[in-house]
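Given below, in the form of structure tokens, are the structures.
There are two complexes below, and they share chain A, which is joined by chain B in the first and by chain C in the second.
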Partner chain A sequence: MLRHLMMTAAAATLFATGASAETLRFATARDVYGLDPHAVTDSFTNIFTHHLYEPLVRYDADLKIEPALATSWEVIEPTRVRFTLREGVTFHGGEAFGADDVQVSLMRAVDPKSPLRGNLPGLKAVEIVDDLTVDLILEGPTPLLNNYLTNIFILDKGWLEANNAVAPIDASQGEEGYTTNNANGTGPFKLESRRPDALNVLVANDAWWDTPVHNLTRIEHTPIGSDATRVAALLSGEIDLIEPAPLQDANRIEAADGVRMLQNPGLRSIMMGINMGDSLVDGNVDGNPLKDIRVRQALYHAINMDLIRDRIMRGKSRVTGSLIAPEVNGYTEAMDARLPYDPERAKALLAEAGYPNGFAFNLNCPNDRYVNDEGICQAMAAMLAQAGLEPRLVTEPRQMHFQKVDNRQVDVFMLGWATLPMLDGFSVLSAMLATPGGEYGTFTPAGYSNPRVDELTKAVATEVDPEKRNAMMIEALMLAKDDIAWLPLHQQPLSWAARDTVEVPQAADDLVRLWYARVTK
Partner chain B sequence: MLGFLIRRIIQSVFVMLAVALIAFMMFRFMGDPVNSMVAETATTEERDAVRERLGLDQPLYVQYGRFVARAATGDFGLSWRNARPVSTLLAERFPATAELVLVAAGLSLVLGIPLGILTALRPHSFSTQALQLMSLVGISLPTFVTGILLILVFSVWLGWLPSFGRGTVVDVGWWSTGFLTLSGLKALILPSVMLCLFQLTLIMRLVRAEMMEVLRTDYIKFAKARGLTNRSIHFHHALKNTLIPVITIFGLQLGGLIAFAIITETVFQWPGMGALFIQAVSFGDVPVMAAYLVLVSLIFVIINTTVDLLYAVLDPRLRVEGARAAH
Partner chain C sequence: MTDTTQIKTTPSALTRLWNSDVAWNFRRSWTARISSVLILILFAAALFAPLLATQNPYDISQLFLLDSELPPAWIEGGDPRYFLGTDEQARDLYSSILYGLRLSLIVGFASVALAAVVGISLGLLGGFVGGMVDGAIMRVADILLSFPAILVALLVNGIARGVLPPERHADAAIWVLILAIGLTNWVQYARTVRGSTMVERQKEYVQAARINGVSGMGIMLQHILPNVLGPVLVIATINLGMAVLTEATLSFLGVGMPATQPSLGTLIRIGNEYLFSGIWWVVIFPSVVLVALVLAVNLLGDWLRDALNPKLR
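Moving on to the complex of A and B:
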């Protein structure tokens, strides 16, 4: 009898260690910037902190909005939206979740000093109705409120106050914030330890309010900057999941035993902006030929995107004529039609516009921001040269590139846009197509201004009827398409790799949501 | 001696000021990190506001002046990448780099000197030819290629050693060490081999050349004539004189090891100062870059001063000349 008991006990121990061994070892190209969810806007940092902290509403594995810390919401007036909060939720430290936490957290995120402010525009105040009900007071009708809220995480008020961290972190003032290295959220995982740039350890939160889909007990996250080392660590069995997996190693990973590539078209659309200002930054002709629609069409006809897909993107990109991906609100199939590759037509159009011998201009690209960005631009430069143009290729690290883009010191320049975090065409209209001024037109190419697009953008911002709103977005995006305000290229592929024992959904936004991951034996 | 030290300290202050100035002049060509710091959808005004808060809208000399004034009080500010104090970041990373450089330097001496002697004493043997050929490979292969090859062979194919990181580290006070755990020691092997390879071949070739030179000198011939054993001649008389230039070169190269550690740390995701610097460069994190460069220039000055002092200790001729000059 005793012996039997002992054997049962031994079996139970074995079983227990078996279950507790569900550790996922996860490597990414870089570390999270910090753990304070209101201090950085970097999307990788945000999704990492999403394992610890939660928003009122969240995206599920198919990028549909679902309730999280709020169970329901109701528009009481256009500028007042009431959220009912989930009952019985506790923070990792044991504190109860309630309306005051929501109030403090949202106001902390929109503080004038918070870098996250732009992710939740138009929030004026949060009023507490009762312990589990809050009203969000808005400046105007905000059709995308829930999309914005998916990215704003809730912290505990008492914990923030106790650690003197109610004010947002400001890297320009020399004080280190408590929240940078410590975390106390309501999320599916708890922080066990953190060694910046070496190892972050998360453990499952057994007291999580939601029924976990995942079966993980522990996540060990290691940043590995070098692509080759990251792949080697996967192949050698030291790591279970890597993001990103370099495209050029795809064949090698597929050929290896026990590991596989995870590849899908992503949300991020890559496009070329075109300077339509009065002069070129680096040209050899008077004025700016790119202002002429025929010249822009010539550029479009000159680029062979299928070849770029096959040779540079290893067949994994989705060539597109649209500025937004099909998953994004505001997309229609008509947007995907491209001007065909036709170098003869390109030459004819250039001649017609008065530039039979072409002209010189800058072709600006980053070399460390998008998938194979430099390779795409080198190929494109060759194609444009074949059409008789004289592109002067400039490839630079991202800080250089985007500083020039900000200052409009570019002629034809690369930009990628994923409409994150709102997943809505309005993001393209407001940031990339509207005439610059106020909160609009941060990336709009120099000289581009279409009054009808501006009018529609303003209307879309406040229109709450989804159908009307969509129709307006489509009209505006089609107008911009005909103007060739941007020259669309492709949607870049998502490229992760994992051991065969790991199952993880790959959403188009390229964010790794490990609360949906399962490890099998 | 004291005068020498004081002169060196004053010189080092100027060296660091100059390095910081050159660094700030270069930062202008690096673009700014604002795009990494704000939301993709942030407006132009929000971007400008961040630039203003970071002082990026100020002219170069103002930014430099602020940095120097604050650095003089020991305050290097917060990293723009992860909002942690730069001094904490550097202090956290220093042990990793120091241990790596220490082991690599040790390896290059422990292996380089005997191999150099061996190849000098038996210049025509097969092993010498093989070593010479290998050292040529070691000196000409870029270190990142060697690193990747080491990972491929020892981590992916054989599965013996980890391909990244420091393994388990133990905190001894503020110093985190990998020397006390098995996984920490295993993790040290590949990176330190990669880092020491260049030094090792350099020292081996230097010792060989010097030793062969010394063996041809008159006093060795006299020693032989006196009937001393080969062992005594080689290791007592010849080696001593061989080592003087080796120490100089080794000291100067120690700084090179710290510099090369940047590549090694990047390949092996070794969480040291070099990796920190590379991350800072790719982000445009000016406070970290500036502090790192100043710190490294300080280390260089310290090493060079130490080498100069050691030189005087080892070479009696220098002491005598110094003494004469003083009188």
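Moving on to the complex of A and C:
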């Protein structure tokens, strides 16, 4: 009996070592905001749930759109697009995938209460043609429809109904539902277990419709908040892949055996928004000096981005004058020109504008959102102070920061924009430059309104000719550049680190797609 | 015995102290002498920080990013202007440590004072009045004692932060810390004082005062209080070290002083993020100062306990 037990134990050990070769242990700075793919617009939550759920069309490892749950699509009328769905797909629970699932999921995502509605603008209805064909009814021509759809995942209708989860929830408001900790998708991985803020375990879905590129059997995702602890976990072999890897530790990681840095230029542009409303949130002068273009130019001249790149960003950021990265549709080289670093000119401009002794204002930054965000802001505050201004630095966790940005309770504030999920300059026009109101201008700084930019934004939204569309986008972005509607800083680098045995593509959108990951011995 | 409380403040009391048993003991103890010299140096450094520092680390216009992450002056690449090197924001570490020490000591002293005032009052009241009041106070004390001190401090800290609007957090951080640590540590004072009070209140001089018609409050404050303060001094000294450590722990955990006004604990937390980057000086120097401070205070406290204990003489 005892011998029998020992042999079983030995066999179990052997089996465990065999299986662990294809287990990927993955650490990020924080956990997902729940597993409901419609509950939050956060890009990390979105890509994590993409392992469980799938959209109609998806980005591949090179950010090209390819068929996923839909196999083909055609524009029947400008406002009616027909999608043919993939046959033989099943959800993790065994339910067959069909047109009614698409209808329920898309309408759930665009529900007026859904936080995701802005990611699929203009969808009026979904009509079921037959079991594997749906028509999307749109308000107007939507050139970016497929780009939007890459971000809207399909859930099972029967499962949602059985668990009373058809109504959308908003994770940023702290709402939770059955879908927060349970998942039933069609994706390459299935949920095995979830302990919020501790461990998420996914296992490979053997019944996946696609031929897997990955060779993983299991993904163990652990959130590790502290940079140093995350690096230590990688170096000690406890973790196989970390995202992000702190820039200051790149040399240490490169020097260690068996691990390497994965670094590439990223899409996310970091910029400072400027309050141009009638008064400052926290100022010591009447009115709002920031409305004066000379004052905004002074801020621009006062900041030495090259030094911030060399010191805070360890030479890895790309200093830019543009609000979008070169990879994004709508970029031209002319956008990249910056006002040079010139503190004397900054002082002269301030004096010219009537503020020779400067003035106080709030400088708001998140401290857990972008690469070295707090460090950048501290350095920037010092540079602005040296130009004679009185920035009052406030660094906060992202929730508080973005709540203030939403409520326009900020004077100069940090924002990063990667134009996800559309990878198109229109995202900047509609969300950050158009005069606020309706679905446009969510992040536009208070008081910024340029009628010509508004006009161009509306035109770009429905223009289907790529060339005309691009010309209009460029015109609008250049106008905003001349207005200094935003003060561009840099594009932040992608910085991950992995064991040498892990191969994973690093797309410019900084999203970890583990269904392309391979673990070798 | 009655004069022990005033020893620190008036010079005449100091002269009297020189001839006392405690002073004789002090002159013979190496530990006491070394630790008090160390404490004096550190206190002086904290007190005169603005004069001794080469930079005001709270004034951001004095920080030049070009000078960030410089090693200590004696290492290649170091800059004589920054004796102990700089952190990632070009804050001079030597100056930061002086200012941080100052904050740590302010929090330490203020929270010990708060704990002592609360603890002595409650202990005196409980011990003198007895009955239900005593029972209530002591049960609260028991409950508090059953939690680790750091947990209670975290709790008070969390509540204070929940009540205050977020934009006030940075300004209020120091008060919240004092409150959190002070409200955690009063139990020891209360228990000690209560015990001594119960002994003292049976003594003849208290009976005499009572017969003379002195009010309960008067007896407590004028007659009993001066006679129960001896042990309190010992607890206060040891508690100062504990309070400084608790402050450092809270700041290290990120719920203490903000990065723009670093205390020793905050400096260690910032430095900890750079442990793998080879920038060791940001974490080592503040840690050494913290260890030296707490060690010296604790050694002095230990010695004081022994010196004031007649059984050990």
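Keep this in mind: the second predicted complex is superposed on the first by the 483 of 521 C-alpha atoms of A that agree within 3 Å, B and C clash if a C-alpha of one lies under 4 Å from a C-alpha of the other, contacts with A are read in each partner's own complex, and residues count from 1 in each chain.
FYI, a contact is a pair of C-beta atoms (placed from the backbone, for glycine too) under 8 Å apart; a residue touches a chain by one contact, two chains touch by 3 or more.
If you're wondering where the values come from, they're calculated on a predicted model, not measured in any experiment.
Colleague: Under the stated touch criterion, which partner chain does A:Ser427 make contact with: chain B (first), chain C (second), both, or neither?
Modeller: Only chain B; A:Ser427 stays clear of chain C.
Colleague: Touching A:Glu396 in the superposition: chain B (first), chain C (second), both, neither?
Modeller: After superposing on A, A:Glu396 lies in contact with both chain B and chain C.
Colleague: Now for A:Thr442: first (chain B), second (chain C), both, or neither, which partner does it touch?
Modeller: Only chain B is touched by A:Thr442; chain C is not.
Colleague: Compare chain B and chain C by how many residues of chain A each one touches, and report the one with more.
Modeller: Of chain B and chain C, B contacts more residues of chain A.
Colleague: For A:Asp197, select first, second, both or neither according to whether it touches chain B, chain C, the two together, or no partner.
Modeller: Only chain B is touched by A:Asp197; chain C is not.
Colleague: Would you sort A:Asn304 into first (chain B), second (chain C), both or neither based on which partner it touches?
Modeller: Second partner only, chain C.
Colleague: Tell me the contact category for A:Ser236 with respect to chain B and chain C: first, second, both or neither.
Modeller: first
Colleague: Scan A:Ala382 for contacts with chain B and chain C and give back first, second, both or neither.
Modeller: second
Colleague: Can A:Ala228 be said to touch chain B (first), chain C (second), both, or neither?
Modeller: In the superposition, A:Ala228 contacts both chain B and chain C.
Colleague: Touching A:Ile312, do we find chain B (first), chain C (second), both, or neither?
Modeller: After superposition on chain A, A:Ile312 lies in contact with chain C alone.
Colleague: By the touch definition above, which chain A residues appear in both interfaces, chain B in one complex and chain C in the other?
Modeller: 226, 228, 232, 235, 396, 400
Colleague: Quick check on the complex: what are the chain B residues that touch chain A?
Modeller: Contact set of chain B toward chain A: 29-47, 50, 53-55, 75, 77-85, 88-89, 92, 148, 151-152, 155-156, 159, 162-166, 266-269, 271, 275-276, 278-279, 282-284.
Colleague: Residue numbers of chain A touching chain C in their complex, please.
Modeller: 226-228, 231-232, 235, 246, 248-249, 251-253, 304, 307-308, 311-312, 374-375, 378-379, 381-383, 385-386, 391, 393-396, 400
Colleague: Enumerate the contact residues on chain C facing chain A in the complex.
Modeller: 59-61, 63-66, 68-69, 88-90, 166-167, 170, 259-260, 272-279
Colleague: Which residues of chain A touch chain B in their complex?
Modeller: 27, 30-31, 33-34, 36, 39-42, 115-119, 169-177, 180-181, 195-199, 222-226, 228-230, 232-233, 235-238, 368, 396-404, 406, 417-418, 420, 422, 427, 430-431, 436, 438-442
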